[in-house]
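Which chain is which? They are A, B, C and D, in the order written, and residues in each are numbered from 1.
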């Protein structure tokens, strides 16, 4: 057995977990802040660590601490095994789905090809569909084992909704199969290329598939406007009505993980995945020094500017305690990070012992970093889009939801599949 | 070695879960046990280089068929208490068990000697490309027939289950 | 590498378990699940033989078996729902209209 | 022209389809029905004329004129094949003209006659369908297609006789016609089977195509016994369709249908199908003198026999019906003698004058408001002059007064009888001649009796009816006039040689149906003498009828008494043939059916065995049903047991 390989796989897994989980607090913060922004109120702005509030970013930490230390109430009449199993299923399935999504191009180091993803399965897209379809068990089991009518109704709704929208999602994904001629996500991203005009969304069937996938992923993640399984105004809290403390937290996190996963797949399929717009991996590697200087220099500039903005908001004596110093602390932090960015961008090659960006390995690593950053940025945008929709659209009625799924999305999806076939044929015939 | 270990692991898990399916008290437990069996078998398939089949196993069986089962069980709200009124097993449980065991023994006895080694398979065996290639050329007619079967099943299910037409 | 006979024995055991379930269970949904179990047992042997013979056809048959299983489950569960609506039970003992 | 041959039969079929649609939905106005029905037949007539023109052209170039049009292979079974094909030779051409021409006139007449009938569209659908079937019969290139037409005309005849089916008696008449025809058709069908079997038996590629048969027969390939059997069986069919002894009984009853139907189907066209069939298969019949003789004798007997019944009937249409039977007898006499052209000639002329007579009687009945009994008529001469004159002219023609078409055709037949060829006719010719002559005189008598009773003397129908009498509309009168004119001058198409004619029809048909009667066996002088004598007798008979029915109406009663009443009663009751058939055939059949077939065979054997089977099945299923517990587990268990058993067998082996 190749132990180095195993270690690399383990590292890949950990990296993936870190990537997803680090999104969670930011998303929770964004959700609360975004809701507040849309509802024209300040949102969380009180929790602080030594006076640093980071515009409410400290609030998620407080939430987690609260949930961890709350009493974990287990109602008497629940069916214990499944009651305990359900949140684990929900969370783990959500995480596992991400395994095939590439975060960056393949790295060639030391004679190894290391994909920046857990597994570059041949049947990647099918894997996503397969594992995503398991997510419903967490909700169903939660709903059923709670022995509560509301929870059961939530579970039923969830399962029906998931089954219905999985079909539309499958059809949308099938269109992408056709367009790219592969089910391997890595190949798909490579096929899309760095030019935004080559991305999945930039063709008629691709655009239709994108819209369908977007709608279906709202349903799959049980978020507004399709949050009928929890529907707090109808079913109290739906399937997780009997959960509290950390079990509840797991459902809560699962929802955000699902969001990230959905956004990640969306980006991968339709928006060029990790591709930096107009700059291909080869370009980065070939012009690594210049790229590094531009990218890190630009980042440093932005950070410095942000620090200046923070300093400009310094109002001594406003609160009369530590909070008064917050802008200064933030500015200093930002400037330190900017310094770090400058160092990363300009020092390699100058300092002995560290190879410069002209070195192939360094160039590859640079490309990976930039691509992961790009990917994170794209995912963040779509995650924000999810939040945005949640706080602006009202909830669908259940029959409307079903009608949308079966009577509109399904026929459109089938039509789109045919269209994609024609499209592929036509573009191969006339090289469109 | 790794492969063998994994195979025995999956095989034991699947058999134990299957026993749960057959003997379980609660329909939901049975369903979950069956999902575990199916998952373990998907693992077995992966070990046999049947990647596509394994994925489809999870997608179709675990993701669709079993969701349907669980959905129906929940829809009919079949709890364990329903089963307490009547015994779980039919009158034939003794004879059925014996005959099934005899069947298993006979089958296994036939198979024990079947120790031929597997052929060496090339890269991409059991992958999407190979299967698609075959499915859309040699097996195109069964493939289309299957779509007709599924269509008929959809229509039939709707007609049977609808309260009034 | 696992020899084919191991897989075949696994298949036989699962098949027999499914068979026993069909014979001894009274709950129609569980009977149907046992049928799925039997189908899967068969799938195992198909996959095993596909590996042994180095031919992909076994996988394709598994694919077809799954499609048929899906159709069967759909119609079967519809029947269960219809039956439950009429008799308020899923116990096979109470469904004996076909008794001669 | 071959290309358009199919249009001739298919046009009336189209008309039948459209009118049938109209009859079912009521979507067509009477006017539309009229136009469609008459137009299709009219166009068919024009096409028939063109076909004959084409044939004449061909004949001009020498050789046997003939048009064949094959549409598709209809039946293919091994080496045996039947095409949907049409064959038109001069014989069929003449027949075509009669069917479409007279048919067209009768269609036109019908528009007037049926104007007030509610089932107007249905009537025209049927009569168009009949035209189609008749044309198929005439033009069919093989016996199978001919048989289709043969059955088709039978069906239409049934439909039209029972046209007013709400009247039980009329419906019964239709049924009778159908059943009697079935007897004949069965003979026809058997004839076809025997022919096919006979050909196979002698190792010949079986064909039922007329052209093919002609070649095979020409090569003397079939044995005489088979031919005789086939001819006799086909003749059974002919007696059924053409109302000859012994199957004539349906025709008088067929008068229950609308009068134009009687004119078209039961006088001009369908009933002549037998004559046409024999002429068409003349090459076959000429191989069998026995069959020829049987045909001739049956024809002669029918001619005389039906005439004697006609003497005493009082129903205007019944008289004409028996007259038709009698005239058909003449035609069979002619074809039986081998004088096919004479038979066809009489067929044509008879179509003219008998159609005219029937249409005239229809006009009379129309005028009398439905009254058909000539004892209640009289003196209609002045009230309906057109009808009277046309009727009179047609009567003169049928009586065979010198110069008319009837004279020409009957004279031809009688001459043929006199000069019968002993190779083909096994009875002495003079006997047939005498019977024919007697029949002709009787015909003259009863026809003039009919004219005198109907149109002369005083009206005997009562005051109310007298006011009702009126002339028919033009649509009815014009066909009458045309047909009356044709009755008089129609004979010119075949003026006998003895009158220095050129016998055009005879020559025209010589290729398709060559005549074998030796016309020149008697000297010209003797022939002219006999002709003159016959004319004198005919005129005398007219005078006798005039005296008996106009001058002193008491004579008939006295005559009836003088003759002891028995012959009169026999004639009046049609020799009790219907009753005899009833006693000999219908009732025994009834009792056998009721007592033996129904009471024993059906109830005890058929029903008994079926009930017994059911009982056995029930007991058996009671036993087997015990196995069916309704428990799914049990069923599954039995499968498992079986599977384990098989596995055990495999393992042990």
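FYI, a contact is a pair of C-beta atoms (placed from the backbone, for glycine too) under 8 Å apart; a residue touches a chain by one contact, two chains touch by 3 or more.
Note that this is a predicted model, so its numbers are computed, not measured.
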Moving step by step between touching chains, how few steps can get you from chain A to chain C? 2
Which chain pair shares more contacting C-beta pairs: B-D, or A-B? A-B
Per the C-alpha means, the centres of chain A and chain D lie apart by a whole-Å value of 95
So what's the Cα centroid distance for chain B and chain D, whole Å? 78
When the C-alpha atoms of chain A and chain B are each averaged to a single point, how far apart are the two points in Å? 33
Could you give the separation in Å between the centres of chain C and chain D, each centre being the mean of its C-alpha atoms? 73
Two or more other chains in contact with one residue: find those residues in chain C. 19, 23-26, 92-93
Residue numbers in chain A touching two or more further chains are none
Chain B residues touching 2+ other chains are 52, 56, 64, 68, 75, 90, 92, 95-96, 99-100, 103, 107
What are all the touching pairs of chains? A-B, B-C, B-D, C-D
Which bits of chain C are touching chain B when the two form their complex? 1-10, 12-21, 23-27, 29-30, 32-34, 36-37, 40, 43-44, 47-48, 50-54, 56-57, 59-60, 62-64, 66-75, 77-82, 84-85, 90-93
Note: in the complex, chain B contacts chain D through residues 90-92, 95-96, 99-100, 102-103, 106-107, 109-110
Can you name the residues of chain D that touch chain C in the complex? 621, 624-633, 636-637, 640, 643
Given the complex, residues on chain B that touch chain C span 3-4, 7, 11, 14-15, 18-19, 21-22, 24, 27, 30-31, 34, 37-38, 41, 44-45, 47-50, 52-53, 56-57, 60-61, 64-65, 68-69, 72-73, 75-76, 78, 83, 86-90, 92-93, 95-97, 99-101, 103-104, 107-108, 111-121, 125-126, 130-131, 134-135, 139, 142, 146, 149-150, 152-154, 156-158, 160-161, 163
Can you list the chain B residues touching chain A in their complex? 2, 26, 28-29, 32, 35, 51-52, 55-56, 58-59, 62-64, 67-68, 70-71, 74-75, 77, 124, 127-129
